[in-house]
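Below you'll find the structures, each written out as structure tokens.
In the two complexes that follow, chain A is the common piece, with chain B as its partner first and chain C second.
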Partner chain A sequence: MSVAGRSLLAVTLRAALGTLVLVVILGPLLSLVVWSLAERWHWPAPFPQQLGLKYWLRMLQGDPLRALTRGVTIATITTVLALVAALPVSYLAARRRLPAGAAVLTLFVLPQAFPQLPVFASATVLFYRWNLAGTVPGVVLIHLVGGLVYAVWTLTAAFRAVGPELEEAALNLGASATRTFFRIALPLALPGVAASAILVFLHSLDEFNGTLLVGAPYVTTLPVYMYTASLGYELQIASVTALILMAPGVVLLLLLERFLRAEYLAFFGHL
Partner chain B sequence: MEVRVEKLEKRFGRVAALAGVTHTFPKGALTAVVGPSGCGKTTLLRVLAGFVRPDQGRVWMDGRDVTDFPPQARDCALVFQNYALWPHMTVFDNVAFGLRLRRLPSHEVRDRVREALALVELDRVPGIESRRPRELSGGQQQRVALARAIAVRPRLLLLDEPLSNLDAKVRHRVRVEIRALQRRTGITTVYVTHDQEEALSIADVLVVMEGGRVVQAGRPEDVYARPRDPFVAEFLGSTNVLPGTVAEGGRIQPRERGRLLFRAEDVALLPAGSPPPAGAVWTPGEVVDCLFLGAVYRAYVRVGDTMVMADGREPVRPGQVLLAVPKSRVMDFSGDEAGADLIESAAAGEDRRTRTRTRT
Partner chain C sequence: MSLATEAHRWERWAWVLATLPAVAVLGVAFGLPLLQSLVASFVREGRVTLENYAIVARLYGRDVLYTLGVAGAGVTLTFGAGIHLAGYLRLRAWPWVEFLLKVPLFVPFVVTGHAMRVFLQPSGTLALALSAVGLVPSGARLGIGEGWLGLVLALTWKHLALVVLLLVGAFRGVDDSYLEAAQGFGAGILRQIWAVLVPMSATSLALATVLTLTSMLASFSIPLLMSRGSGPQMLMVDLYYRFGQHGDFGVASALGVVSYVMASGAVYAYLRSVAR
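And then the complex of A and B:
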């Protein structure tokens, strides 16, 4: 085959691959957009009969908005709690000063090792007994199960990436352990802290199984709202919700890309 | 301040990093601790800084037992091998860190940061104070680390391989500067290095360590000229190890037992068949190669199965020669138990000499 022929083949293959990627990724997104704008769309018409912003406007008032703000509130509380709990644990684990550090770190991946539904279902039974079911604290607790995994492992990796001699230099000049942590270790681990905050926040915002089991019907976040909307065959509402739910994810993931270093992820699961 | 360590022992798992180290670091002097990697020199430094607690033994500073003192209470400043500058702070904040901890008023902090930067000759670099460590060259980072340490006016300065990350030219210059700085400030200094040439040139007192022990300590000239055991003799300088004994008339008899140690600079090469000089040990040999090292020519002479190095001012042609060493320059360790394993480590010794060669 001639060089030109080969390069033509390469271009064709690449174009085909590109199209496939576009169809697979953007296709469903496009259908979401179309559905969110369809005010009237009866089978078997290939396109909606009437387009409009009715459902988007409906989204901005009442239930969906409440679900969104509630979800953001829960995600914020979850993130703060997860970070506060994970910071000391991760720091000590990274400096190998945590008694049975490996065991503690393993404990934090354990919930991920089992199928989530049974774990959440049994948690729900307990929560009913403790009057936590259907409350915001109950949902926060369920979100912390996954959130703490992200927080602890990312932060441990972040602290481990800070050279111990940087802290020794501060101790050597007379700084206390507390000051060394706040002046040296924490500022240097800040990208990792930001990365873990984003991961926990997104996890909480998108969490569905646990929220539905523990929160319903009193605590409704956006994923749960979307689920109930699509159950009622309100595909337009579900599409609008899905698109809105994607927005913070895309924005935060772009931010995450700035903070997350390969070494943080590479550390996941290593003891 | 005078620092004394007594019978220090420290194990890491099954490895004894320190196996009974007793030594007094004299006040105001620069003591260089030298030895191959894994000899315990860095552990010793970290014990002095308070980062490693010895299993056994005591550390005294000016007569005070500080063994159980935390690093913060030691009044010593450590310069790390990789400098350990804080990347999120400017040069000024790095150097000021220790001063601010001491709650000095801000104008005094500023004065003393400037003074420290001047001492390490960084004051003439424009805008240096507001730069970040990663914007500086290796040599400049080294000086900032040094400035950060001396800014707090420690009574003991600890340097852990401070020049090992610098290229040869900068290394030689900074070495001279550290020496001058130590002279000017009079801070008692402990300088750890694996580089024997660096140690010999910089030290008031040379401490040679091996296997977690101090094998010899003294003035660099004395230790070099009169090594107490074969290890020190081999470690310092370009040392030849020739198996054999000296027979009647100074002729070297190649033998399994017995070793003759002498330095390359003490070897004279004479034309084959010349009469052996008086007061010398000698043997015939064959020059196989001769390298120009800049300051000297180094000939490699085959004697039996051993390659002997001989330094001279003139190049030597390959061929038969008479190799002679003044008797007074032959370091004799016969009857020394420690020397017995030296023959076996001849390969390792060759290694060490190779390194020495590339360094000169």
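And then the complex of A and C:
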């Protein structure tokens, strides 16, 4: 084959590959957009007969709004608790001063490695005994499992990236370990802390498995609401909810793509 | 001096105490339930027995195989596509495609389940789009959405993003000089991927495979939203119904232990990554 023929073939293949990726990735997401706007769509018409914002406006009231505000409240509480609880663990782990460090860190990876559902089903049985099932504290507790795992790992990485040199200087000048942490380590690690907070917040907002089991029947967050709507063939309502659920993540990707390091991005794959 | 040392000791203890809430939460909401499910799988009507496992074998044996089959096919498709895409992106920069491939990272599992249900079901948007461009007759129903194939496609769609991200990272760690040497011998893109990039990233590749396989074996919300309620089911969907509808915690726990065993490869891989 001539050189020109080869390069023409390469260009064609590249265009075909690009189109394929575009269609495969965006196809399912675009179909959510169309369904969220379809006020009337009788099968087998390829396009909706009537488009409108009726179902988007319906999100602003009643059950969906309650699910949204409740989910945001739970995510906020989870994020604050997870960060406060994870900071000492991560800092000590990063500086290799955590007693039984390897064992403790192992505890913070296991939830990632084990299948979640059987553990959460078992937690539901325990929570019933403790009157935590179907309550907001119960759902926060189950969200903290994943939240703490993400927080400990991202914060440990953040403190490691800062490096101990400045802290050693502060300690040599007579500052206490606690003062060194609040005045030197924490301010320097602040970008990592912010990334960690975003990750934990999104994890809680999107969490489905634990919320479905532990929250039922009284605590409904957006993912559970979406699931119920989808199974009930309220496809418009479910699609609007689905788009609202994925919006924060996609906006984050658009804004922060160049700032998010690959190891943080990898955590998002587990949402 | 001794006063200062005393203060130091107290401070160190305060720091260790501050780590306890996080450990306690994981103990109560993860460790204890994990142990309880292990114990409960061997107890039925107050007696220690293997009956739960006998029920699993009798009622869910086929579903165990189905779960392994779907996850196996999903991993094959994900890595078949992922290795080539990541290799191509390593050799020829293509920023917008790389960006696009990251999008599913931020689409939660449960949203993926609903999107794929709408997209792939027999009268779904894919069937309608194909009929709009004339590839299938109007009103045609596509069969892929309901069975194992739809599930494999949905799981692949969600997992491909993470696999490409991990593999592009690993492939970028391979020094250019090896690739230039291969090009010197006339190796094309495919040859460079399979003869240089893949063997030199074997560790990352193995880790990514184990994690993807486990995630697919333990997938719940995607199959829950895509299943039609008859025919073989993924194991986690069985577990959910056994627990939620039958209130049978014993058999649900035995199903859970089966899934722990299937995931043991991932547990091992994670523990090794911590040890390092």
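The rule we apply is simple: the second predicted complex is superposed on the first by the 251 of 271 C-alpha atoms of A that agree within 3 Å, B and C clash if a C-alpha of one lies under 4 Å from a C-alpha of the other, contacts with A are read in each partner's own complex, and residues count from 1 in each chain.
As a convention for this text, a residue touches a chain if its C-beta (ideal position, glycine included) is under 8 Å from a C-beta of that chain, and two chains touch if they have at least 3 such contacts.
All of these numbers come straight from a predicted model, not from anything done at the bench.
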{"item": "When chain B and chain C are modelled together on chain A, clash or fit", "value": "fit"}
{"item": "Partner chain(s) touched by A:A169 [first = chain B, second = chain C, both, neither]", "value": "first"}
{"item": "Touching partner for A:V11 - first (chain B), second (chain C), both, neither", "value": "neither"}
{"item": "Which superposed partner A:V21 touches (first chain B, second chain C, both, neither)", "value": "second"}
{"item": "Superposition-derived comparison: chain B or chain C, residues of chain A touched", "value": "C"}
{"item": "Partner chain(s) touched by A:L60 [first = chain B, second = chain C, both, neither]", "value": "neither"}
{"item": "Touching partner for A:I184 - first (chain B), second (chain C), both, neither", "value": "first"}
{"item": "Chain B versus chain C as contact partner of A:S230, first or second or both or neither", "value": "second"}
{"item": "Shortest CA-CA distance between chain B and chain C [superposed frame, angstrom]", "value": "6"}
{"item": "Contacts on chain A seen with chain B and repeated with chain C across the two complexes", "value": "176"}
{"item": "Complex contact set, residues of chain C against chain A", "value": "7-8, 11-12, 14-16, 18-19, 21-23, 25-34, 36-37, 40, 85, 88, 92, 94, 97, 99-119, 123-126, 128-129, 131-132, 138-140, 157, 159, 161-162, 165-166, 169, 214-215, 217-218, 220-221, 224-225, 236, 239-240, 243-244, 249, 252-253, 255-257, 259-260, 263, 266-267, 269-271, 273-275"}
{"item": "Chain A - residues contacting chain C, complex", "value": "14, 17-18, 21-22, 24-29, 31-32, 34-35, 43-47, 85-86, 88-89, 92, 97-99, 102, 104-126, 141-142, 144-145, 148, 152, 176-178, 206, 208-209, 213, 223, 226-227, 230-231, 235, 238-239, 242, 245-246, 249-250, 252-253, 257, 262, 265-266, 268-271"}
{"item": "Residue ranges of chain B in contact with chain A within the complex", "value": "49-51, 70-72, 74, 76-78, 80, 82, 84-88, 97-98, 101-102, 148, 152"}
{"item": "Chain A residues touching chain B - in the complex, by the definition given at the top", "value": "163, 165-166, 168-176, 179, 183-184, 187-188"}
